[in-house]
Every structure is written in C-alpha cells, then in structure tokens.
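You will see chain A twice below: alongside chain B first, and alongside chain C after that.
Now for the complex of A and B:
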C-alpha cells in the first residue's frame, strides 16, 4: 500500500514536471507606454518586449502593431511598427520602442500588438501582447495648463498689483520729501 | 466773509471722519483691482476653470473688495491725525513763506489757510499710505495662505479663505488699534 502510494507520487511528480517544461520556443510579449501622459502633437513613447521563455530559439519573429496606430490619428516619429527579428535565442529577450505622436485628443483604446514566430521551420505561432487599454490623449492646451511653468501668471499678478500699491508708495514718498527739510529744522 | 465761510465748511468736512469722494473712489478702484488679481492667480496656478467657479469668484471678489475698501477707510482715519501732527510745522512754514509778502492777510486768516493746507496734505498722504499699507498686508497674508498654508486644500475653499479671510483679518487689524 505504502509502496504503491510512493510510486503514484513519483509518477504524478514526473508528469507535472513534463507538463510545465517547454521544449519549444515560447515567446511572451508585452506592450507598454513609457510616457506618463499622451498629449496631442507631443511625442509618446511605447515599448515592446519579447521574451523567449522556451528552451529553443524562435525564428523569424515579427512584431506587428500597425493596426493599433492608424496613420490618420498618429504620426510615427521614430521607429517601426512592423519589425522582424531573424532569431531570438532561448532565454533571451528583445525590447523595441517606437515614438509616435497623436494627432487628435480624446480617449483612445490601445489594443494589443501581434507577434508571430516559427518554432521550427513549419510551426507558425501567433500570439498577442497585452493591451494597455483605454487612455486619454490630452489636448495640448489642457496639458500646458496643468504642467507648464506658472511664473507668467505670477508676473501678470505682479503687474496687476503694482500700479496701485507701488504707485501710492511713490506718491507718498514724493509728498513726504516735499516737507521734511523744513520739518527737520523745526524739530531740531 | 462769504468766501471764508465756504472755506470753513470745507475745513469742517475735511476734519470729519468720512474721506473725500476722490479718496473713496480711489479706495474702491484699488480694492477692486487687488481683489481681482488673486483670482487670476487661482485661475492660472490652482487651475480653477471659469465655467465651474465664476460664482465663487464673484463672491470672493465682491466681499474682498468691500472689506479692503473698508480697511482702507479705517486705516486712513487712524493715519490722518498722525500725519497732521507730523506735517504740521512744515506746512505752517510753507504757508508763512508763501504769504509773507501779503500784508493784507491777517494772522488768523493765515492760520486758517495753514490748517486747510495741513488737512489737504494729510488727506492725500493718509490715502496713499493706507492703500499701500492695506495692500501689502493683504497681499502678504493672501499669498502666504494661498500658496503655503492652504496649498493642499481644495481650490474653492483655498480661494474663499485666503482672499476673503485675509481681507477680514486686515479689516480687523485696521479697527483693532482704535
């Protein structure tokens, strides 16, 4: 009885070990924005990461994100939305970044990018990255209002308060200076 | 003689607590500008939007303007007497010098003219000084509370407390010395 239990345990453990082992290439992919705020007409940086967690190299890896950023709403400033890597060795990773520039403001749904690769020469695998989800693209004016330096407002404020405050002080000094000489003579 | 009575009337009115119309107008114009300036800061720096907060702005600016004008008037009343005492001898000398050659004028008449002139000088000087004093005091308290003490309070409460509150404090300070 005890022996049969032990054998059963060994079999199950082996089975589990085999189940978790990946013999082939296996790519995990992520997509994430590096910029905190998306603003119209300002650069927005995206990063893609490909991790080969399998035991064999992945071949002819392509990363395609062209469908996420239609060119009527986004300019591509730097980088490619469709890239090709000949091979990603086992356990290696690749990061790829793209700089885009939103043309309009409002809510935008960031969808996933598509990754394809061959484990062998025939077996084509298609997978997708995570989806960053819905994000807000700020209006340029809104963004400036929130984050631009505020010293101009203080300058205008100073300009507003100066005429009466400083003006009255100067007039007071003028009036004072008209009298003190005689005043001094009197007091001494 | 008639002319003198008129002067006497002016003299009397200038001695009364109420300030001249010109001075009052100046007070209100100044108070309006000084109460509107912080609102611009709140619009720009604390990001209050016109559409959302114009009611609060109106409330704040009206109450602040009224309080500041009141503070200026109080302050002026306090200062005027002091300035009359300070400038008195100098004004006397000026009047004496001016009418020294005028033999027709009696000493009494000269004294009255000097008194009138003293009041005039004290009135304008106290107007300027009260505006300068009230403005600097109000703006210092307002800026300190809006950007240091209440920097993290919701903008609406920050605005109301730092503008109307400091104006009320300035009024209080202008009456406390009485």
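Now for the complex of A and C:
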C-alpha cells in the first residue's frame, strides 16, 4: 500500500514535469545593434534584451559581453558590458544598451554574449545570445562621403556663382537707379 | 511477376528522374525537397532538448497574435540542451499556412541557417525576423516555425516551436508616402486652378473695361517726354549737340554773317 503510494507520487511528479516543460526560469537573451551603420570613431549602440519566458523568476542574472569587444579595437563610451540583475520575474524582460566606438574600420564579426542565471533550485544555467553576425565598420571618410553635410562643396559652389549672379544684379541696380521716373510712375 | 514490375517501374522512374535532371534543373529541386518533407513528418523532437519561443517585435504579439504588414516581426527561439551529448541547431524554417489547412503553404520564408553547437547543460538563443506582405492584410494565416537540429550521432530532430493562427492587420498608423503626396498634388492643383481662374476672370473684366478708351499707337510724337530720359544724358546731349542744320547751311549762314 505504502509502496504503491510512493510509485504513484513518483509517476505524478514525473507527469507534472513532462507536462510543463518550462516550469523553471528560461531566459532568452537577445543582442542586436541599434545603429544602422558602424563607423570608426563614431558611436555605435548595442541593445541586449533578456526575456524570462519561464514560469519562475530567474536569480542572479549576469550578462557578459566583454570578450566580443576587445578594448584595443573598441572604446566603451557609455554603459557596461558586464551587468548583473538580481532577479528577473517570470514573464518580465530587461533591456540593456551599451554605446561603443570602433577604433578601426573593416569587417567585424559580432559574436554572442553570455548570460548566466540561477533557477529556483540553485542550478546554474549558461546561455548564449544570438549572433548578429559579420558587419562592416565603415571608414570615417567613406561615411562622410555618403552622409556628412557637404558645407565645403556648397561654399565653393557659392563662390563660383557669385560673380555671375551678384555682378549682374549690381549692374541691374545701377541702370535702374538711372531711371527714377519709372519707379515713380509705377507707384502712382 | 510482381517483383519484376516493381523493378521495371523503379528503373523507369529512375530513368525519368535522370532524364529530367539533364534536361531541366527544376526537377532536382523538387525531388530532395519532397523527401525532406516526408522526413519532417516522421522526425520528432528530442527529449533532451527544451525549446522556447518568444516574440520580440511587436511586443504584444505573444498574447494577441497580431502583426502589422510592412513592419518587422522578430522572434527568439530558445534552445536548451538537457542531455549529455552535443546538439547542433541547423536551421529554422518559418512559413505561412492556410489557416484551415496547414498543409497548404501560403509563403515560405527564407530559412535561417544557424549551425550553432549547444553543449550539454547549455542554452542558446536564436533569432529570426520577417515582414508580412501587404497581400495578407486583414486575414488570418497559420504561422509555423520549425527548428531542425542534430545530435552528436547525426540523428535529425525537428521541433515545432510555434504553430498557431495569427491575424495580420493593415498598417494604417504612420504616414503613408503615397497618400501624402497625393494630397500635396491635389492642393497644388487646386491652387493652380484658382490662379488660372483668377487670371481668366481679370482678363475678361479688363477687356470690357478697356474697350472704351483704346489707345492706338500713332508713332512717336514730336514732343519729347524728358521725364523719361535721365538728366545726365540730357545734359550730355546739350553740350555735345552741334548747331542745327547741315554743314552746307551752316557755311551759308557764316557767309551771310
């Protein structure tokens, strides 16, 4: 009798575990660049999103992305690449963003960040985010050629058109001042 | 007898496929695909893998199951390796199905190749995104997301992570360039029409008004209107102008003096 009860309990427990597979905390970690273009010596914004899709809170969540952005090729302008969240409740999400500045141009492979968290029963989960993949870091000059405001071009253009436009305007004014009667007649 | 016919048919089929291969490349695409689809039906999920699915964009899609056309739909797939062997997540395939018959594919999206290895007790998040086309606006479609993965022994598994009907709504928020420019064009046309009407009306009225005193050009009158000529020009002329009359007349005048 006692034995069968135990078996029954085990079966029920197993069934419960199978039935709700995501009973524990389950964190989906997401990494994506918010800037359209990565340009050397210009700000580049990255966003990390942590979504707890499990049924229980995740504890001691750490997000570590220090290895993806080596400091010899990236400056960290704002934000931390290693953050710690004490708890992410079930169904909640956290977004974290970092501003970095690439020091050199060329192709760069954006790899994944690592997330660790503890579920209720104190077992460590190691999770890896998605990989944004290979991206090109533009040269500053290339970027300026495409997107920067071209003030110097406009200045040169103005200098070029000044003699023709302004000269003819001055001539017009001069000859107009010689005929004051026309102006008088028109006004009356 | 029966065996021989089977062999014959098989040989015929093989020949047909082979011939088709040589003639036309399209058939080669179909044959493996069919085979794979059949595989998909038989292959199931691994008990050592736990998968999760979550929409990131739009944020309320997890509850409402609604998308807007022309706006990105992004989702995450979580893969957890609970077993003792490595898994390799090969790819995920996303497709729109007919809501009443999920075997009917409305649209297959480009499959996302991941090829990520997941070590035991490790988790990986994968992402994918797509746009719903305008032609799906205002009707429900079945969204199916399958994840294909392998274990270390090369066994193929397929997990279905999302298999529900979603509503696709027309995006009527935001500024639509087409209608915006249409409005600008209409405004411009109406202003132009007003201007033309004004011109036409004023011309009509002026004609009727001017008809009383029409000025007829009669050549230059002898009186010079000095008001029109700049003063300096008049002065120059006064200085320089020689005596009136021809040189002969002038000589005659001198003699007479």
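Going forward, the second predicted complex is superposed on the first by the 131 of 188 C-alpha atoms of A that agree within 3 Å, B and C clash if a C-alpha of one lies under 4 Å from a C-alpha of the other, contacts with A are read in each partner's own complex, and residues count from 1 in each chain.
Assume contacts are C-beta pairs under 8 Å (C-beta built on N, C-alpha and C of every residue); 3 or more make two chains touch, one makes a residue touch a chain.
Just so we're clear, the structure is a prediction, and the values are computed from it rather than from any experiment.
Asks: Looking at the overlay, does A:62 come into contact with chain B only (first), chain C only (second), both, or neither?
Replies: Neither partner.
Asks: When the two structures are overlaid on chain A, which partner does A:87 contact: first (chain B), second (chain C), both, or neither?
Replies: neither
Asks: Please work out whether A:140 is in contact with chain B alone, chain C alone, both, or neither, and reply first, second, both or neither.
Replies: The answer is neither, since A:140 touches no partner chain.
Asks: Which partner does A:179 contact after superposing on A: first (chain B), second (chain C), both, neither?
Replies: both
Asks: Contacts for A:154 in the overlay, against chain B (first) and chain C (second): which applies, first, second, both or neither?
Replies: First partner only.
Asks: Scan A:129 for contacts with chain B and chain C and give back first, second, both or neither.
Replies: After superposition on chain A, A:129 lies in contact with chain C alone.
Asks: Would you check which partner chain A:165 touches, where first means chain B only, second means chain C only, and both and neither mean what they say?
Replies: Touch partner of A:165: chain B, not chain C.
Asks: Of all the chain A residues, which ones make contact with chain B and with chain C?
Replies: On chain A, the overlap between the chain B and chain C contacts is residues 179, 181-182.
Asks: Using the touch rule from the top, collect the residues of chain C that touch chain A in their complex.
Replies: Spelled out, the residues of chain C in touch with chain A are 50, 52-54, 56, 76-78, 80, 116, 121-127, 227-228, 230, 232.
Asks: Spell out the residues on chain A that touch chain C in their complex, using ranges where they run on.
Replies: 21-22, 26-30, 32, 49, 51, 53-54, 125-131, 178-179, 181-182
Asks: Where on chain B does chain A make contact in their complex?
Replies: 29-30, 33-34, 36-38, 40-41, 43-45, 47, 86-87, 89-91, 93-94, 121, 124-125, 127-129, 131-132, 135-136, 139
Asks: Which residues of chain A touch chain B once you look at their complex with the stated criterion?
Replies: Residue list for chain A touching chain B: 145-146, 150, 152-154, 156-157, 160-161, 163-165, 168-169, 171-172, 175-176, 179-183, 185-187.
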